[in-house]
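Before I ask anything, here is the structure I am working with.
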Amino acid sequence: MKIREERLNPVLENLKRGGPAIILPKDIGQIIAYTNIGKESICVEAGTGSAFLTVSLANICKKVYTYEKDERFVKFAKENIKRSLLNNIEIKQRDVIEKGFDEKNADLVVLDMPNAKKAVLYARKVLKKGRFLVGYLTNIEQVKDFVKECENEQFQNTFTLETIQREYLVKDKGTRPVHKGLMHTAYLVFAKK
Amino acid sequence: MKIREERLNPVLENLKRGGPAIILPKDIGQIIAYTNIGKESICVEAGTGSAFLTVSLANICKKVYTYEKDERFVKFAKENIKRSLLNNIEIKQRDVIEKGFDEKNADLVVLDMPNAKKAVLYARKVLKKGRFLVGYLTNIEQVKDFVKECENEQFQNTFTLETIQREYLVKDKGTRPVHKGLMHTAYLVFAKK
Amino acid sequence: MKIREERLNPVLENLKRGGPAIILPKDIGQIIAYTNIGKESICVEAGTGSAFLTVSLANICKKVYTYEKDERFVKFAKENIKRSLLNNIEIKQRDVIEKGFDEKNADLVVLDMPNAKKAVLYARKVLKKGRFLVGYLTNIEQVKDFVKECENEQFQNTFTLETIQREYLVKDKGTRPVHKGLMHTAYLVFAKK
Amino acid sequence: MKIREERLNPVLENLKRGGPAIILPKDIGQIIAYTNIGKESICVEAGTGSAFLTVSLANICKKVYTYEKDERFVKFAKENIKRSLLNNIEIKQRDVIEKGFDEKNADLVVLDMPNAKKAVLYARKVLKKGRFLVGYLTNIEQVKDFVKECENEQFQNTFTLETIQREYLVKDKGTRPVHKGLMHTAYLVFAKK
């Protein structure tokens, strides 16, 4: 059952589990498809967590800068970055709500952290014009706060998506969705600078 | 309403509509996230259609080879490839069911065409070991045929996903999913060589 | 398309459309199935609106008392009640937020009205112990307010459901969900006295 | 978690579990809402299974006749019918595919059994004109066979629905759908005589 809920692509299969909650391919795919990042893109992310999104972005983009304030998570993420065999990830231990980001001209900023709304103004400074900030947000209340903050910070095109995914059993004796599975992971808010 | 159902990322916004049915970001994202393609990947696709997936893959990957048998669609796709400003796409007018593909060692093959099952054996020849074939299939009957053909052709890890996406209105006066939208586009079958 | 989104059972097919938004069978079914009303039940409802739920409840229950404050809607509802040929419905023009309900020992109270939370205390007075209040609520904000008010009023078992329904095309040439349809109608909050 | 997936109304709460798979309120509600049964209706059902649908229908309708071929299930169902305290249910041990039904002029026939398609012709004989046959079917293949058989037997209005239900956590600290739950129970085919 677990495998069905969280099918992972080959790069992610090698990563360690058991740390902070991971972002699953279902949501990683939406982030990539709606923001249009590609092989020339610079991505900035906070927080790193288990580094599943970090590694997925690094597999596609030129460079990923990722921020994590919790020392234990940094350690966990470093192990996973090592396992990914990718060498275009830079991880920094920092609380971005206090100190912001170092980068400029980023093509994507993703925030997956408590109080993500408080990092929106820093995200704005980092982003190139026309590029996206994405909030990965568990609750509707966080979505509301985040959208409002994006509007305050003059992001121009804000939309919110949720994705429900079902796996099918395809057998000679009968084809149907699997009975149990993930009903909800998070809402994704996209805001264009 | 149309915009809500089919939000497009910046590269796709410039493409022409009105040709064959397009693959939307919701499904493009799943293809990218579950197959693990990246900036070093070679992708092969049939059929090209309106080239929305073609352009999305080319934005991420090293090279995309795309096959389309219908002359009018080839013309339409060429216009869109030109508009994308990407120069790593090669389009060939051919019915792959009759003549197969020219490439070797591809990292991904996507089939979005009538009778996709008849191209599975050619897809197998093109793919590197450990890489994915994806079928974009409208009907359950096509899914069953495709899965069976993948098993016949010794693909080892076959799974089928469908994605339902909802956009939310986030307003001071109330937050809720939009009332009407897309309930279904296609099923995605993933098969690993 | 319209018919598909709003398939109606035979009693409802005869009712007039074009008045206030109707409650659809998808949600009517949930209200009936989770609250356990039956042929001996007394139901109380506000507001009546187009009387689609009113008529559905009356078809099953002993008696339905329904309240509507808007004079035009009362007129519209009366026409539909007449068309239903059911004679166990009593409609009253009243703003229940100001004056509450007349009944006692009801087996179900359904609130489908602006500011439904302000009628929760009246609903509590009307209900038998162990029976359900249901809020039909469009927005998450209304859900939150309603749930909080139910807890304030000592309802003991409160839960919130949403139902997504898809119709399938089943044809020789292919079986699949219809492409477009209703993504959202309302959230249902159930609270047991 | 179990309770969340299968919230039951008060009548059903008293029934025994651990027998054949039950039909849940989510689907019971759809059957009631789309077929328009009420307090004057005669319902016929096969097979009885754990009698959850049987009891739900009996709570609403005048009389329910239910058929079950498996002796052990009959015993299990009788215990549950007793627990429901309803006295308008008649259960018969019989394989309806071999011998059909005894009733005439039914307002609803529900088939929840292997090879339901083979009982469609008997269902037709039992039903009043203008009333519904409902198939509760786990797999798409069963849906296709059932729909085709209904068309062969001259049912005039056939449609197929699936219902996805989500429960929400509504808390001060955040509102969101529960993470895990039921993704699929069954498809419902409705056919009007």
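Per-chain numbering from 1; labels A, B, C and D assigned in written order.
As a convention for this text, a residue touches a chain if its C-beta (ideal position, glycine included) is under 8 Å from a C-beta of that chain, and two chains touch if they have at least 3 such contacts.
Note that this is a predicted model, so its numbers are computed, not measured.
Undergrad: Counting C-beta pairs in contact, which chain pair has more, C-D or B-C?
TA: The comparison resolves to C-D.
Undergrad: Need the CA-centroid distance for the pair chain A / chain C, whole Å please.
TA: 39
Undergrad: Counting only Cα atoms for the centres, state how far chain B is from chain C in Å.
TA: 43
Undergrad: With chain centres taken as the means of their Cα atoms, state the distance from chain C to chain D in Å.
TA: 23
Undergrad: Would you please write down the residue numbers of chain C that are in contact with two or more other chains?
TA: Answer for chain C, listing residues that touch two or more other chains: 140, 164, 166, 175, 177.
Undergrad: Line, ring, star, complete or other: which describes how these chains touch one another?
TA: Ring.
Undergrad: Provide the full list of chain pairs in touch.
TA: Applying the touch criterion to every chain pair yields A-B, A-D, B-C, C-D.
Undergrad: Hey, which residues of chain C end up touching chain B in the complex?
TA: Those in contact with chain B are residues 5, 138-142, 164, 166, 173-185.
Undergrad: Please give the residue numbers of chain C that touch chain D in the complex, ascending.
TA: 4, 7, 9-12, 25-26, 28-39, 56, 59-62, 130, 140, 143-144, 147, 158-168, 170, 175, 177, 187, 189
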